[in-house]
């Protein structure tokens, strides 16, 4: 169950409203790297958590924090929209030169919300909840969370660099710090659970004897000329300490697939329903 | 530029076709954890790669490998659909008891593709390319890739456990091994770049002086009763070695947001356009 | 800012787990009539609220309540999935006759979440945040909310009737009651603001002199035979008390549209770029 | 069955084409508040109508009218695109200062349609038919329709205010009037059926004895400090006349959920599969 | 402007309701091959039509016909749902053996619509209007329409074969016939315009001198072993009579792309911002 | 299985980077007319191919070529983004007049990818794999492919006309040529299979005796005034040579649909559950 404090987690101040920056901020709300995603991701991970209760609790805490981040950013969007032009003639009267504010806006900020935020990204694409990764596997979830916070912090940093509004920079420097914590937090869980060597390969509950181990540590080269980009992944012990990296040119181990011809009542063309190849050998080699 | 070898990377064999398992396999093709996603993710990361060329090359190699995995799984779907019932009456004539095959199928396997695979997940939801994470930040990308391979291997393991078809188990044991390699591979890049302590916080190019450092290593407690789920994330040095973890009860640092009233020509109700609160103080405390 | 109490708002108990009912419950979570939608809808309405603060507060309260409803339903899904078959052979060993449980499940409950809820509807379609209606107009929002709670309660009632699990019925009878309150609550706002006659037409800030009033209260008949389905909408004073209903056969008041021919450099066919009609009069009347 | 008259329902005239306004108009076509939505919503409600035939007929009439509104708006988009720049150099030659027309356009208006409308919103997001609410419950449908027309009229009013093109204002003043009628029309059905008190709670066919009546009229306060935003919804008779409003501080009535540990063969990490908590009591209170 | 006749274009009769067939029928309504798509596609092509008016008129006619096809199919879905089980216990009481009807249904047919059709496909995925192809190029549109009717007829044929309900077979045999007409109709336009040789390559308004003609009629072989699947496309005059087919092994004509390193303020990792390759030559060849 | 050559199929050169053109180019990558679509479409058609192997091989070749086209266009996007402004202040310092570059960009090119391409269209809408048409019917697939290449070439031509960058024009003139080949290629398959007269109606495996032949060649007129747009489709032999075109005024052959009233436990309103019409005859004729 949840409670709300009507005050913001951190102050949100806009010194000079910028409706195009309002559009940019949407990426941090409804973008795939944004706060709606992490909020729902951590909460769904918590609610479906099986195993030690402490992780359920921790995820619940941080998911709850993220709701407040959406609130902050939505407030920032609304404040950046104050004073936005509502018409072409209004914009022209303000500044006949620039002229690019209205056409650079998310027009739904005018037409659909009356100068408020939307659960969309910076292109106006609505958030799609398929981005909520909650796999039932705690290690997979932690790496999904690191990925979310890494891309989220990259977006926040780019927003910080995009503006010179002191209020916005202050708010973003707080969110950037929180993303720092959360990146560390999720990796701390991996460390607490024994570190990557113990947790990999994920899921680590699958018996190694049931995977094709001869292919489990080979870097497959698919370059036409067999060139190998060497690196940590082509030699030495694997990160999970269970194998040794090596480079291998990938070769087809299977055959050309052979599907049965189409059934006469299956909606194909008649030509597809015969077992005899339509023409005799039709292939040459250049 | 790309080339094709018409043979499969690894043999695909189905001993006993199972049209419902064909539906399940779709998760590994067009699901958010599936092969279309990693194929496009690695290729887009490669094509947009800025910085050392070796990573571009490596991503290109592995992205190219993944195309062949979609090919293998699509073949597996088609083979599992051979002999599938095309009508209710046909199903009934085969086995009046079971009766659940046709109704448990992805009906598009009959209606739309004539017994072939689709770029959809196991519920028939088409792949949406917003899941292609290519952030322009190599560390963020590597963690996104670990997440993709971790959830991907979890799906493959669950498919392996779902069936007792020897052919399918063999194919899946190969794909499971490849996911093992790829999890290791992406973390090997992080290690080659100096490890998490050097790469975190991501992006590590953002000056630490510009983030609110007092909030960068605090685990915020949002529990109504202040209970703290203690763990590696509440004390000790942070994973990035740049701070010390501590638990902090989250307090609102900001105020209640105040937005301007609606403009008379902004499409709101008239009641919203006055600066005077509609009623005098309307709040009590229970 | 938000806080969490780890306890549920209302007890969630499942007496006999039913994995297909777990799929059905998803409609109340991630369906367009579900709790994710109302949670986000009320919160975004609150965060973008312009005008009297009391409505911002009220929306914040009820949006916060809804987060807890998602939590309850996600728990219900997870509990209904306990004991679900993870493989075809397991299902068969349990009950060779029924056989329809696994094929009737949302397979992502097995493959993607390890027996937990997803932010999807009962067909596995992920929630799309375009369903978050927050118009910046309080009356439009209230009616959007009534619509959401009316369809939401219909879904809850149908779920209640679908199961005979006493625990699930108990939980649903609580959620059904809450929807009753919320339907009343949103209409109470309309009443407080003067009732429909004062709030309609929405937005009521638009000057009536600027709309084509002769068409503002006519029920347009588009039936080929001119038949009029008579009702409250064809005579008497309008609901907003500003006009009188009447039935009118709709007649085309405009002409056939005439667009300019395609530009030669606009990517059309050459035939489309000439102003001369391709053929002389090509139309007859049967 | 349907018939077409090639003339428009109302004249569509554009005095000064504005390609950015063409983008804005798309919101009224393919936006969630737009005409495609109401067209399909009313037609699907009609086609699935169970109960008195007059409502089926009425919905069919008005759904048919809406097809013509899409036609009008699509024509308006095409006319606003006439003369649009097709290249950067063309735009520059016209007006080196403004420069914002092409970059402010929906580029698909050039690239995909050759200067015609699309079934998309003002951000270019295609219409998604999940917005077609047809619940099988006539009262729920009527409120969904009021919501659609209220948000639709808000969009139309905002478009009207955005432009000073006399032709466009004339067309929009017609559409605004039609939305006035339709808001009244749907509420007239509620009135004809006895009014909200008789129709609420929706569905009114569900026995009141089966809902938890003690929670059916309470306004739940989720504010951390227990502050209550008082209003019509906190005291007095409910709108449905079946209860009395009161404010209640929400308290958790349930427990902390306890899910079973993960199955060893379920794709989780090994740490999640043991029933013993991983660590002894890990929680303190700050 | 449009008119409705409340009678159906063709009789719709269901002899034995089958709720799973109702799900299947949805593919013909809201599937990518379905009637909503062609209805909107032909209408949008008509409304954006530039060039000879007769094509606008023709498209308007056929688009209008298609609305009635959605109506027929929606009626068919509703009739197939009559008598559907609304609960697990009801289903069991009817037939304890089969048990697969409810779990094989589109559960939204129960939960969301109260036994009516939805604008979704057979998997419950809502129609997405991006499938409305209206290119502003009449030849491209005609081929898009042939494709739509070819896939549409394939779906209708497969539905016909799936059922043995005489009423449904009768309705489908009508729709199948209409698709026959429409396939012919769109190709008739191509013929009227001079046939493929005159209309290709589409758009035929683009000067041939501006395309790289040396690559305009070569079949590129991308097989690793250079094998050529010979056919009509590897020799002889091209279909557009403007070139001669030949097979060519595809060779890379470009270089390895070189992007600039990342900017220090662009949100990348520090390692990506240096122009010096991170390591000396890191590539070998296996 | 697939191989990569790190060199591009054709040179990609940008003389003057244009970040708004980068947005436009996205239509050719992730738009419904773009290269991701054809790549996946041809590969899925190949992988599901039933019938003569030569078509499987040919589709595999051309699908493989298309991967390289995505690569070329992604490179072009990245090169057009070099030097793009990352902040409002940076843009202003460059050119205080223009000011429209940043606001006209796909902001995800800055925020999400760090100046790289995305799998999205020119409005930032991500590619949705439902556009991958692979019907299991070779003739339907070939027409789908012609449609894809026709709309694809229209987009490429419009991009060519939009820019005057010599490098971009060169690259596009290559892609335009390849689309010429592919349009011819797919129609060559139809010709090889006997031409439209033999392949139509698609699927040609459905017995003509089972379709309502009296409606299979009639052009249905749905105009309110019965006007017929005459053309090749109203007289003469049909394209498939199996019938004779004629124009017919469409008349309703069916009745008004009659659905059963709602069930009392089905979540409808009580008024809908009675068989007696609510009111006596409520319809008049104007």
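Which chain is which? They are A, B, C, D, E and F, in the order written, and residues in each are numbered from 1.
By definition in this document, contacts are C-beta pairs under 8 Å (C-beta built on N, C-alpha and C of every residue); 3 or more make two chains touch, one makes a residue touch a chain.
Here is each chain with its UniProt name: A, B, C, D, E, F = Manganese catalase family protein.
Keep in mind it's a predicted model, so treat the numbers as computed, not measured.
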item	value
Chains touching both subunit B and subunit D	A, C, E, F
Chain hops separating subunit E from subunit A, counting only touching neighbours	1
Length of the line joining the C-alpha centres of subunit B and subunit F, rounded to whole Å	26
Geometric centre distance via CA averages, subunit D-subunit C, whole Å	7
Touching two or more other chains - residues of subunit D	1-9, 32-33, 47-50, 53-54, 57, 60-61, 64-65, 75, 78, 86, 97, 99-100, 103-104, 112, 114-115, 120, 123-126, 128, 130, 135-137, 139, 151, 154-155, 157-158, 161, 202-203, 206, 221-225, 227, 229-231, 250, 252, 256-257, 259-260, 262, 265-268, 282-283
Touch list for subunit F against partner subunit A, complex	1-6, 47-54, 57, 86-89, 96-97, 99-100, 102-104, 106-108, 110-112, 114, 120, 123-126, 135-139, 193, 199, 202-206
Partner subunit A, residues of subunit E touching it in the complex	154-155, 157-158, 161, 221, 224-231, 247-249, 265-267, 282-286
Of subunit D, residues touching subunit C in the complex	3, 5-12, 32-33, 53-55, 57-58, 60-62, 64-65, 72, 75, 78-79, 82, 86, 114-115, 125, 128, 130-131, 133, 135-137, 139-140, 143-144, 146-147, 149-151, 153-154, 157, 160, 169, 173-174, 176-181, 183-185, 187-189, 191-192, 196, 200-203, 206, 210-224, 227, 229-233, 238-240, 243, 245, 250, 252-257, 259-260, 262-263, 265-268
Of subunit E, residues touching subunit D in the complex	1-9, 30, 36, 40, 43-44, 47-50, 56-57, 60-61, 63-65, 67-68, 70-71, 74-75, 78, 112-120, 126-130, 132, 134-137
Complex contacts: residues of subunit E adjacent to subunit B	18, 20-21, 23-24, 27, 31-33, 97-101, 103-105, 121-125, 151, 154-155, 158-159, 161-164, 222-225, 227, 250, 252, 254, 256-257, 259-262, 264-274, 277-279, 282-283
